[in-house]
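I've put the structures underneath this note.
Both complexes below contain chain A, partnered by chain B and then by chain C.
Showing the complex of A and B:
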């Protein structure tokens, strides 16, 4: 569905790159997560893939279209949910969806149904300008599904939403996945990536550090952590140590030898810990 | 279909916004100001140009008599400037039409009198006496004031040949007093009415009507230019342009539907002024066609400018200068002695001239159609350029 080779992008059209020589492939039906801290280049990548940012360097194929050429009809197959909600504040929720639906060539979804599944039923005829930030975000999200996209771009789909609504959004994404929709999802939230994505790419400073499935990442990195609680001079200490690093191994040995161990078990790392382990940076 | 739906959407958004009502509000206020505040034919400014076609002694005798009777008083001679002009004179009775062309500027020194109100002694009008008929015709046609030739036959009877611009039925009662002693009936019996019309621009407007071409020009040109930019920046601020950019709909449809919204607003606000003031005079078909084309062209210019700046504050300099430049031709419209050649290169100049003709119902069809075509083509080119620019910069 998406094939990216040696993609780079500079906002200032010079050596200062926001995205540096990245390559990846997304197959049909896959939910692919772009996980990285803010400023990593996730939205920039989505911008290039959706054509909002002009293609500069590298080969990009999206939904069978070469991004070097401009072909508007490809958007009949594509849905885009934006990080910053962008709906007409002077139009009602329903009007926002109806007029958007008119812009597509093929059949579109019933706006009432979409508003219902994002929990905006009952507010159809209220102007989006009166909505809270979260409601506008849900409207933007609902709008991205109006044309039944085969390929769905989701930029931070749950950021800033309260947990109950975030859960609804996650359910919708899962339901779309079950229908066979391919998704490109960017997030700095490792739970989202973990729960929803078939594969994740770790991106930092515009570079992809690794691409793998959450499961295999956990297998590779998870088993190698040991969490140990011990008593030292009457006080309880808790440490998480890596069994792959010599310094940590030595430390484990010292603790076992010198102190009173309360609990000790190998632990499955969260994606966040793996991210820190791989990139040396935190997800913020 | 997409275009229609997009237009309806933009109309809905506009009608729920601020600019839409501003323009209509301004039009209503201006209409009230014109109707209440502008006297269509103020007497105080009455000017008459007279040529006495008779021996000097006779005419001096008449003047002296009027001065003695306190009807008029002499003031300093005035230097009058006669502009190059082309006009025709048609005789109301015979239907005969004679054309005149004057290519040279000319300055004449004229004896000048003030006509006084016999009761109050206040100045009623200024009278310039010239020594030939061509000069008074020329002055009449370029200034819009009344001119008359007064002739005496062998029996010592006077007859009058008036040169009017055709509209001033009400003013006719005033001219009966041009100088004299005669009763209106007598004058009527001996008058010989001639209508002078400048070729190109013909009928004169009264003071209320004179505001209208300027208003519609600036409603169409300036508002088209300025308000479409405001709409674009509202959309940019809301980010809805990016949402539009990821649909299969073409950018030009978006731009064109915005333009149609502007045209609709301009048509509404112009009608508010034009219909009550000009009533049945204009050729409305021609008027609305010209207005829509002009608005289209200037809105396209606004779109192009908007495509270069990502916020209205950055565009402000260009916006401001363009608006000033577009307004300059209005000076020459109001101050007829200020009409330099370079001003004709401002796009609002032909617009103003075009509207002037259309609104009095005597448009020079070739002129209006030529400029309609010019603006239609120019607007389309600008829109095409704006389209290319927007395609490149929609995400900002």
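Showing the complex of A and C:
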């Protein structure tokens, strides 16, 4: 669905590159996470893939279209959910969706249905200007699905949303994946990437440091530890033991057998910890 | 693509009905037209008016009515009150063997002299048939001051079209919706045309309504609309540039109002410069638009001259458009 070979981009049209010679492929139906801190090159890459930024160097094919050529009809296959909400504040929620539906060539989704799935049913005839930030974000998210996209760009889809709404958004993304929609998810939130993505790419300073599945990364970079808290002779003790070393395994067995266990957790590495381990940088 | 362009126009029209500023812009030209019509009676009516006694000789009243507007009163006090009003009215009252001319003192001298000469001719028993002079008609059938004011109103309406576009773009920017538009199948050209339609329709509609209010029923409408349409190209360009460069409505409106400078300069140049210096204004599309409108409103226009003016307006505006389009495209990206 997306093929990127040796892509580079410079905002100043010189050797100062915001994206440096990156390559990756995304297959149909895959949810691909593009992870990195602010200024890493995530939005620049997404801008090039969506056509919002002019293609400069490298080969980029998106949904069967060569991004070197300007072909507006490609947007019939693409949906983009922006990080910042962008809806007409003087139009109602329903008018916003109907307006965008009329701008696409193919069949579009029922605006009422979309408003319902993002939890805005009952607010169809309220102007978007009267909406809270979260509601505007949901309307923007709903609009990105109006043309039933084959390829869906999601820029920080849950940022700034309360946990309940964020869970709804994640459920919608999973449902679209089940229908075969390919998603390109840009985020600095490792938890949502871990939950939703088939594969993730770590990008920093315009360079991709690695691409792999979250599970594989955890296996590769996880330390396989157990953290245990127990009471011995009236005092609380806390130890972190490796599950792959015989001495530690025996010690875990002794503690369980001899003392009063307070807490016991297996401790696998999070994507965030792996990111820090791989890139040496934090996700801020 | 036409369907999408019309959809953009319909969306802008819906937003316009919910925006007080845009409604003011639409209403202002109509109010100005009504204002010119009602609050400046001397503009549309330059005929001499006289006040006379009802009891005056019927032959005298009938003679005067052939040439001027006559208002009749039954007392000297009422004649004096009428003469004392704001407009120019000359009182003619019989005294002894002759007549007395009553004026307020601040009337147009030609109105007083016209009334005086006409009354003298009546006393001498002269009629129109006695003259040996022939009338040479230059074809000017519309009062010149009225033509100028209406022409200025048309150019102001055209400037307001640019302001409507500018405000629409500021609205798109504040809602951050240009980026959303850029990920739809609508091309930038389609978007530019769609965003221009509301300003264009409002301006043309306002021009038509203002002209009808002012009583210009029998002018060449095709000519006036063609000149109006071509004049708008430049204000559209200015509207887009100002809208993209402004962060709020006030800044955008102020920017577009700067267009008044070349418009005012073009009008002043056309009206005040001697013929040999008129060429110094040829650079301005507004000069050509004003010139064309002046001829059309005076009912003195021929297609040859009007087409030259339209070609000049279009050529100059398109040149500015092509210079500005990279900046507009960049702003819309």
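The rule is simple: the second predicted complex is superposed on the first by the 240 of 284 C-alpha atoms of A that agree within 3 Å, B and C clash if a C-alpha of one lies under 4 Å from a C-alpha of the other, contacts with A are read in each partner's own complex, and residues count from 1 in each chain.
By our rule, a residue touches a chain if its C-beta (ideal position, glycine included) is under 8 Å from a C-beta of that chain, and two chains touch if they have at least 3 such contacts.
Predicted model, so just to flag it, every value in this text is computed and none were measured.
Enquirer: Looking at the superposed three-chain arrangement on chain A, would you call chain B and chain C a clash or a fit?
Expert: clash
Enquirer: Just chain B (first), just chain C (second), both, or neither: which does A:82 touch?
Expert: A:82 contacts both chain B and chain C.
Enquirer: After lining up the shared chain so the two structures overlap, which partner does A:177 touch, if you call chain B first and chain C second: first, second, both or neither?
Expert: Neither: A:177 stays clear of chain B and chain C.
Enquirer: Based on the superposed arrangement, let me know which partner A:218 touches: chain B (first), chain C (second), both, or neither?
Expert: After superposition on chain A, A:218 lies in contact with neither partner.
Enquirer: Looking at A:138 after the superposition, I want to know if it touches chain B, chain C, both of them or none. Which is it: first, second, both, neither?
Expert: After superposing on A, A:138 lies clear of both chain B and chain C.
Enquirer: Going by the contact rule set out at the top, does A:95 touch chain B (first), chain C (second), both, or neither?
Expert: Touch status of A:95: both partners.
Enquirer: On the A-aligned overlay, A:188 touches which partner chain: chain B = first, chain C = second, or both, or neither?
Expert: The answer is neither, since A:188 touches no partner chain.
Enquirer: Given the touch rule stated above, what does A:105 touch, chain B (first), chain C (second), both, or neither?
Expert: both
Enquirer: Just to be sure I read the superposition right, which of the two partners does A:123 touch: chain B = first, chain C = second, or both, or neither?
Expert: neither
Enquirer: Pick out the stretch of chain B that clashes with chain C after the overlay, from 59-67, 131-139 or 221-229.
Expert: Clashes occur only in 221-229.
Enquirer: Residues of chain A that sit at the chain B interface in one complex and at the chain C interface in the other, please.
Expert: 50-52, 54, 72-76, 78, 80, 82, 84-91, 95, 99-100, 102-105, 127, 140, 143
Enquirer: What does chain A use to touch chain B in their complex?
Expert: 47, 50-54, 70, 72-76, 78, 80, 82, 84-91, 95, 99-100, 102-105, 127, 140, 143
Enquirer: Chain A touches which residues of chain B in the complex?
Expert: Its residues touching chain A are 1-2, 5-6, 9, 12-13, 16-17, 238-240, 242-250, 391-392, 394-395.
Enquirer: Under the definition above, what is the set of chain A residues touching chain C in their complex?
Expert: 50-52, 54, 72-76, 78-80, 82, 84-91, 95, 99-100, 102-105, 127, 140, 143
Enquirer: List the residues on chain C that touch chain A in their complex, please.
Expert: The contact residues of chain C facing chain A are 3-4, 7, 11, 14-15, 18-19, 171, 174-177, 179-187, 333.
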